[in-house]
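Across the two complexes that follow, subunit A remains constant while its partner is subunit B and subsequently subunit C.
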Partner chain A sequence: MTERVGFSVARVGTIAANTFTESLRQKVFNILLIFALVVIASASFFAEFAFEEDVAVVASYQLKSIKDTCFGALSVIGMLIAIVGTAMLLPNELENRTIYTILSKPVRRLEFLLGKYLGTVLLTFVSVVLMSVMFLAVLTFKEARLSQPAKAVVEQTESPVEKQKAQEQVAKIRAEAFDPAIVKGILLVFVKLCLLAAITLLVSTFSTSMVFNVAVALLVFFAGHLVGLAKEAWQAQPLLVYLLGIIPNLDLFNVADDIILGNFVPWAHVGKVTGYGLVYLSGVLAAAHFIFSNREI
Partner chain B sequence: MDAIRTENLTKKYNLGWRKGRFLALEKLNLRIPEGEVYGLLGPNGSGKSTTLKCILDLITPTEGAAWIFGVPATKVESRLHVGFLPENPYFYRYLTGGETLEFYGQLCGIRGAALHRRIEELIELVGLAKARDRRLAGYSKGMLQRIGLAQALIHDPRLLLLDEPTAGVDPIGSRDIRDLILRLKQMGKTVLLSSHLLAQVQDVCDRIGVLNLGQMILEGDVDQLISDQRRLSFTVEGLPAGGRGQIEQAAQAAGAKVVGVEHPQTTLETLFLDAVRQDKRGAGEHD
Partner chain C sequence: MRTPRSLAVVLIAVPAWLLTPLHNQIEHERQQFQYGGAPVTRELRDQIGQGMAIALLAGFRGVAADFIWIRAHDHWEKREWLLQAESIENAAKLQPRSTFFWDSGSWHMGWNIARAERIGTNDITIAQGLIRERYWHQRARSFLERGIANIPNRFDLYFKLGWLYDQKLARGCGGDPECVKLQNTKAAELFIRASEYPTAPTYVARDAARSLEKAGDLPAAYDFWVNKIWRDDRRIRTAADRTIVEREIRRLEERLDIPAPSRVFPKTSAS
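Right, the complex of A and B next:
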């Protein structure tokens, strides 16, 4: 007799877009993002000094240092944006009672929760993209500068031996600056941030305090980076290792060090870790849905 | 079919570990036929908001159940034709009035030209044309209440639940809101509104129920409840000075002309106070 109200992707999208707009208009994120961009931009100045003779060696050292700073900024600022952005969602909704106006419409709680989650994922994505563009800009700038002496040699020298050596240097610097593996590193950082956002959302389904949400999420973040070590240390106790499995192993997502050192990171590995992240994230969201659908608001 | 029906609706709030439970609403049986404006009255903490939240499935009743147009409140479908204005609404501070309505309209599946037409209409109806492009962070309480009403009406629902729609609004704003409720009634909508200010709603409600400490202590038609059958009032004209004490026996003898005898109206205020006084459990907010 009555119409059925099915799960609606459009409603999820509406809520996600609204969440994204609201976060963007909050100054916190713009400040965090500007801070990240400043850190990334200044990475090129910190890496100026070097004592080596070989242009390519100097360039390699400087590029490594830049990548290190940029990946660090991406990871830390990204983490702050993902965690803080998610932690305030439900407390704000409850405090402003906007959640009443939404859930009193024909909107499913799952749609609401997913919409909120995707809103912060979108915010995180945009932040990561902006930081990556800046990262690339810094690398482009630095590549041009670092390969200038070698390029000058290519232009001026008469000796074919020297010319070839300089050409090789230019190629080497270019290859190191624009290493496509950087994309793999950024992708895994993003998957990690999505996972952290999901965990923060899960925490906020049973708490009412934003500070509590952030604190627990940070705890999970640090535990997640230590859990790999702990597992190795306590190998002798399988039960303990089993329990530690509950904590996500966030070190898996950190391939930046390998990329910086020039170690090969196969796509298969990236795929596997992304899969791990998505499975874990789905489980966390399912738990969040279970708690939230029974919650009194 | 009843727009709203509740059966033994009971809510006990969990107060946390080892603090027990708090009985906020006890065995409420409400029936609101379609087209009626029903006023849920009672002092602060009497369970009005709890009732509305149970009907909207925002909280789960400890016992009993509620239906909206015959559909159990636990189903999403029950909310297809309902608009809700929460108590002291705030909304998204960073959105403008227009954006807010757009958001709620999209949630209800209205899009494109139809949505824009509807927003125009509602902005006009609640009188926010000038504030349309301003962010809600700068809205006054009365304006928030209006945007809240517009939001509740966006999908042209058959039933409206308004929690304290006139609370904290100045007298003119409150008058406007009552006029709007009357207009909705003329359009055939059902309205369930709550209020602790009895005088403010007596002229819009067909029927009222009075809650105290979570129990319905009085219910009936407004006309009947406010006409007092025990007394008569004389409306006299040309009464000489000092004749006041003699009116009862001497109105005619004093040469005054009796122009009307009618049942005087008591206000809901006194009606309510009487009812609460008879409620042996006490009155008002409990701890």
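Right, the complex of A and C next:
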């Protein structure tokens, strides 16, 4: 009976909102999020290892170190939130038997699956936004501290040469702290997290154990970062290289390091990587749907 | 159940393989833009340690490089120069597009380690100390040259290498005028190269002119001050720039005894 009703975006939205609310009530996400915020907030303490005479060089390294730590936290904690959040969706529904109540109503399995997935994506999105806000706050704090000596020189010195040099330093520190290209890095981290969530959902459509789902997703995460290396190592075996194509190359999403170093990352490149992620993700979701629609519940 | 599972594999495999051209294009762009860094070879894994290698494989290259830099700093405090240099090399290897690692690493080698090696032990003669110091100067030079090969599109490392020639290699000539001339000429070439980048601060071009003068080529230095600095609006941005450049041009006009009609700043009756 449920298969006869038409597809409804509203129902998907309702399930997604419900999944998101349920996830927010889980202590594990709040703890993960608090942990991430603490790591990001303390990032500036890891950045005291530059002792050059040039204030701008020291600032450059300290800001790099802060950005590295913040992107690292965003990526690791975001990954845990996305994977754990998705891994527990279907097993919990089955264990609590709430899935029977939902699917006995005129709700298609595709709507149920999409709703669940989008709920986790929303949770991941909110987490990424919160972590990014904290990231920005840390950068603002650090920028103010790093440029303080140069600002003092600008205000106090009588020497025009010293004043000019200090002004250049203030401008350089500001430009480096608030580099708008950071947004590109955060966007690609988010797309990577959505892809990982989709893979976890796919695994959970044929498994009943949350631990198994998390373990497989983590393995895919590591394998995804090793694809490039494996391709290089197996260059002489085209069949293996061809088969490797089935594993998403997660290294492609790592442009944050280069953005932090001030390398130019064009929007066209970001668009291509996003496109790669979204197409792959769609295939994974379609596969999850096919398995889930035929699963005995 | 078997059919949907097989179909599921097909549903992932088909888009994944269809994505191969896009994937290859992205990888090509990554190589073109020089994203990432050295691949994680067995040799690199042995050098950086297992923990760092795992972090690297999980995509945390920046964090791993930062921790290795902290390790380098730790070796510096313990006066373990060779280990410090190795950590610096590894940090730069992990993120070869980071100006900081090349810049600060060469500063440690050329300034801190070199000096410590010259004066740091009691069981060597002055000459042996100087040899050790020069070894580290040369190591800093070679390190910066590799840095430039990795980041040829920024002024920073050209300037830093010019500064090394100016401050260390020229001064290490021991009074040999040919050597001093050679090192200062090299410094001038690098400062000139650095000054050609629009992001270079105004003092970079001035350092180029000064190095030409130190190399003994006064006409070239004067020509640079006048034609490459004074007549280039990008180099004279503030009143301070104007004051410095005017002072230097006036000084060289005196030294070279430039005829009054050819001078940029003709002699006033007061002067």
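For the reader, a short list of remarks on this structure follows.
To be clear about the criterion, the second predicted complex is superposed on the first by the 290 of 297 C-alpha atoms of A that agree within 3 Å, B and C clash if a C-alpha of one lies under 4 Å from a C-alpha of the other, contacts with A are read in each partner's own complex, and residues count from 1 in each chain.
Keep this in mind: a contact is a pair of C-beta atoms (placed from the backbone, for glycine too) under 8 Å apart; a residue touches a chain by one contact, two chains touch by 3 or more.
Just so it is clear, the model here is predicted, and its values are computed rather than measured.
Per the definitions stated earlier, placing subunit B and subunit C onto a shared subunit A by superposition produces no clash, and the two fit side by side.
When both complexes are overlaid on chain A, the residue A:145 reaches neither subunit B nor subunit C. By the touch criterion defined above, A:255 lies against subunit C but remains apart from subunit B after alignment on the C-alpha atoms of chain A.
In the superposition on chain A, A:174 contacts neither subunit B nor subunit C. Touched residues of subunit A were counted for both subunit B and subunit C, and C has more of them.
By the touch criterion defined above, A:269 reaches subunit C but does not reach subunit B. The superposition-derived angle at subunit A (between subunit B and subunit C) is 170°, Cα centres, a multiple of 10. Taking every C-alpha atom of subunit B against every C-alpha atom of subunit C, the smallest gap after superposition is 10 Å. In the superposition on chain A, the residues of subunit A contacted by subunit B and by subunit C overlap at 294, 296.
By the touch criterion stated above, subunit B contacts subunit A in their complex at residues 53, 56-60, 69, 71, 76-77, 79-80, 82-84, 86-95, 103-104, 106-109, 148, 151-152, 155, 161. Those residues of subunit A lying in contact with subunit B across their complex are 2-5, 8, 10-11, 14-15, 18, 21-22, 25-26, 95-98, 100-108, 294, 296-297.
The part of subunit C that touches subunit A in the complex is made up of residues 1, 3-5, 7-9, 11-20, 22-23, 25-27, 29-30, 33-36, 39-40, 57-63, 65-66, 69-70, 73, 95, 97-100, 103-104, 107, 201-203, 237-241, 243-244. On the side of subunit A, the complex with subunit C involves touching residues 46, 49-50, 52, 57, 60-61, 64-65, 67-69, 71-72, 75-76, 159-161, 163-165, 168, 202, 206, 221-222, 225-226, 228-229, 232, 242, 245-252, 254-258, 260-265, 269, 272-273, 275-276, 279-280, 282-284, 286-288, 290-291, 293-296.
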